[in-house]
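Before anything else, here is the set of structures, which you'll find just below.
Here subunit A shows up in two complexes: once beside subunit B, once beside subunit C.
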Partner chain A sequence: MKQLFRKLTLLVMTCGFIASAQATTPEEDLAAFQNFFKKRFPNVETQDYINGAYSIDPVGRENWEAIEEFPPYEPFIDEGQAMWETPFANGKTYKDCFPDGPALAGKYPHWDKDKGMVMTLPLALNNCRKANGEKPMKYKKGPINSILSYLSYESRGQVTNVVVPSDDPKALQAYEDGKKFYYTRRGQLNFSCAHCHLQNAGMILRTEILSPALGHTTHFPVYRSKWGTVGTLHRRFTGCNKQVRAKPFKAHGEEYRNLEYFLTYMSNGLPLNGPGARK
Partner chain B sequence: MHKRKVLKFSLLAGILCSSMTTLALADEVSTAKVQKLIDAADAARKQAAEVGGEWRDTGKMIKKAKGLLKKGDFVAAAKLANKAAKQGHLGYEQAMSQKELKLPSYLHYE
Partner chain C sequence: MIGNTKKWIGKVGMIGVIAGQVLVSPTLLAGDADVAEGKKIAFDRKKGNCLACHNISGAPSPGNIAPALIAMKSRYPTKEALTEQIWDATIKNPESSMPPFGKHGILSESDFKKVVEYVWTL
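Up next is the complex of A and B:
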């Protein structure tokens, strides 16, 4: 009886996933990912997924819209602007590293061929600081959120357009690693990212509606009422991993960088609307 | 009468001494035993971590077990170390079972 129960549990757990012997291209992944949501929530406009759970939760949306009238992230944008304009000790500023100006969030994450790695915006900011003799910022909490808020605000309306260059197999490998991370079960609860935000998007977990994965990357950094402050995308990755009782990885380490690369690619075509406000 | 008193006292002192030695020895044995369990748990945790399969609380359990051992709570320390070792093994097995990418069947590729 016990054995039968075990076998049944295994069967149920396996159900919903198939072993993929066939390789899929990023373009095919993108189409399958976005089509999944079109079928799942046929009344939601694709562009509206940038609003996260509020694209599928009308009551939550009303509350959120009321919050957005006096956005809690506004002071962070102002602080970030001051950071952008304030010279480093050597007299240079962020502008010297990013001559095209602060509206640059749409360029990240991207594949850095020279470095052979995914370059994220927070990493690029810290590289700039280090190159100018400044101490790098912490990746989850603190001042990095202010400057990211400012840069995201300035980048609003830019369209997500992550490219996986075909001339560099390392780039495709990074994308594939990010994809593998996304669909991998981990932690004591044995969940993958996809279990919550793809398969069960829209379902209620305790009191929360599970947000759809599509559009997840467009609105970061995010002011979360739970945090009482603005936090980065990698802080959220950390939180998600902890919630399934897995040991989180290092913020802006290879695992989360590649995850960001894949996840942002999945939102290609959606406009940036950060910083956001969430529960 | 005095002789009997001395004999009684010596006997008592002897018993006390031997039981203290036994207790100290038992402590040493328990410490070594539990330390072994903690080391095994840490090895299991590291094995899981190497394949990216470490669970959230395993490290914390090991740390707590070490603290309990220091306090002399052998039973609780051993129990926690065993639990952590099990988590380490399960985390490793989980990561191994996930070695290959498994795309969900509900994602339709055309």
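Up next is the complex of A and C:
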């Protein structure tokens, strides 16, 4: 009987989700998402969410501002610049792939109609390397963080403006898949992303303030004191999934690409301020 | 004789008064041990980790996501109701962020029972 009830509940919830997914456009989702935070933290300016948990934690913010005086990510920016300028074995450089220069983070992620997939910046960098006969970089740790630090630094101030083009239903599907991922419970501990970073944003988990979802994507890559180095957004996704005891997905595989697409869209209108520094 | 008495007390599971001494039955002793062990499991970050979200009186650095664990017997009519809540909090509230400690096997059956015994005392 109880099982039947659970099944029914699940069915009702699933139907409810599908119905609501069909009923809202990305634009409506965006307004609802950002309004949620306006109501939850009426004194926080929307633009300030680029500072993550520090937008709502005055004590943590003081410590963080002290750290930012001598940013721990600075050496990574310099290394990244050298990578950007150093020619590949074939004599070409990244500039040949990205003729508009290193201030390009604001163009990602975007829907790539030809490939029929979400194109992320790390993916585009590796495509460039492969096209020039170089080995691709790993997506979570290592040199990719240096070049991403440099590109993010050069892109500071660009405004998040992810587009879900209406002329390709596959783009909307990718967005919807990312959204579904965000709101789906997973792992032994049964949390969705939204449980912590939407429903409970600002609450204290043991000693840590749960950061708001809004602005999550603006400051990556991030120097995390816990890591002792700079790490990528997909490394963080992996960590979150492990924390809820779920099997992480492949970095820049379809699930995390679509998640990045949805999550970055939710921060549309917010300036980029990477690389960041976090506890 | 002493062995037999212990067995008898064990079987009946009640307080016996023998030769003017109060003997506490083994079942009750086990209950107290369960509560003490349950507390350890509840506080263990890798097991119950209740303090991540709940305040428990006197416990160090609790979270504030969920209600304080206090006056449990007035909040839950029976131990069974509390058991169900810890087993799977989404039965009562589908939006609950509390992990389903029993349903998902986060705690072993024995650890789960001990945690219930402990929380029921709060």
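Please note the rule applied: the second predicted complex is superposed on the first by the 257 of 279 C-alpha atoms of A that agree within 3 Å, B and C clash if a C-alpha of one lies under 4 Å from a C-alpha of the other, contacts with A are read in each partner's own complex, and residues count from 1 in each chain.
In this section, a contact is a pair of C-beta atoms (placed from the backbone, for glycine too) under 8 Å apart; a residue touches a chain by one contact, two chains touch by 3 or more.
What you are looking at is a predicted structure, and each value in this text was computed from that prediction instead of being measured.
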Greater residue coverage of subunit A in the superposed arrangement, subunit B or subunit C: B
Which superposed partner A:T184 touches (first subunit B, second subunit C, both, neither): first
Partner chain(s) touched by A:K242 [first = subunit B, second = subunit C, both, neither]: first
Which of subunit B and subunit C A:Q199 touches, first, second, both or neither: both
First, second, both or neither for A:T207, with subunit B first and subunit C second: second
Which superposed partner A:N63 touches (first subunit B, second subunit C, both, neither): neither
Residues on subunit A lying within both footprints (that of subunit B and that of subunit C): 188, 190, 199
Footprint of subunit B on subunit A - complex, ascending: 16-20, 24, 28, 31-33, 35-36, 176, 179-180, 183-188, 190, 194, 198-199, 241-242, 245-249, 255
Touch list for subunit A against partner subunit C, complex: 2, 6, 9, 13, 188-191, 195-196, 199-200, 203-207, 210
Subunit B to subunit A touching residues, read off their complex: 49, 52-59, 87, 90, 94-95, 97-98, 100-110
Touching residues (chain side subunit C, partner subunit A) in the complex: 51-53, 61-65, 90-91, 94-95, 97, 99-100, 104-106
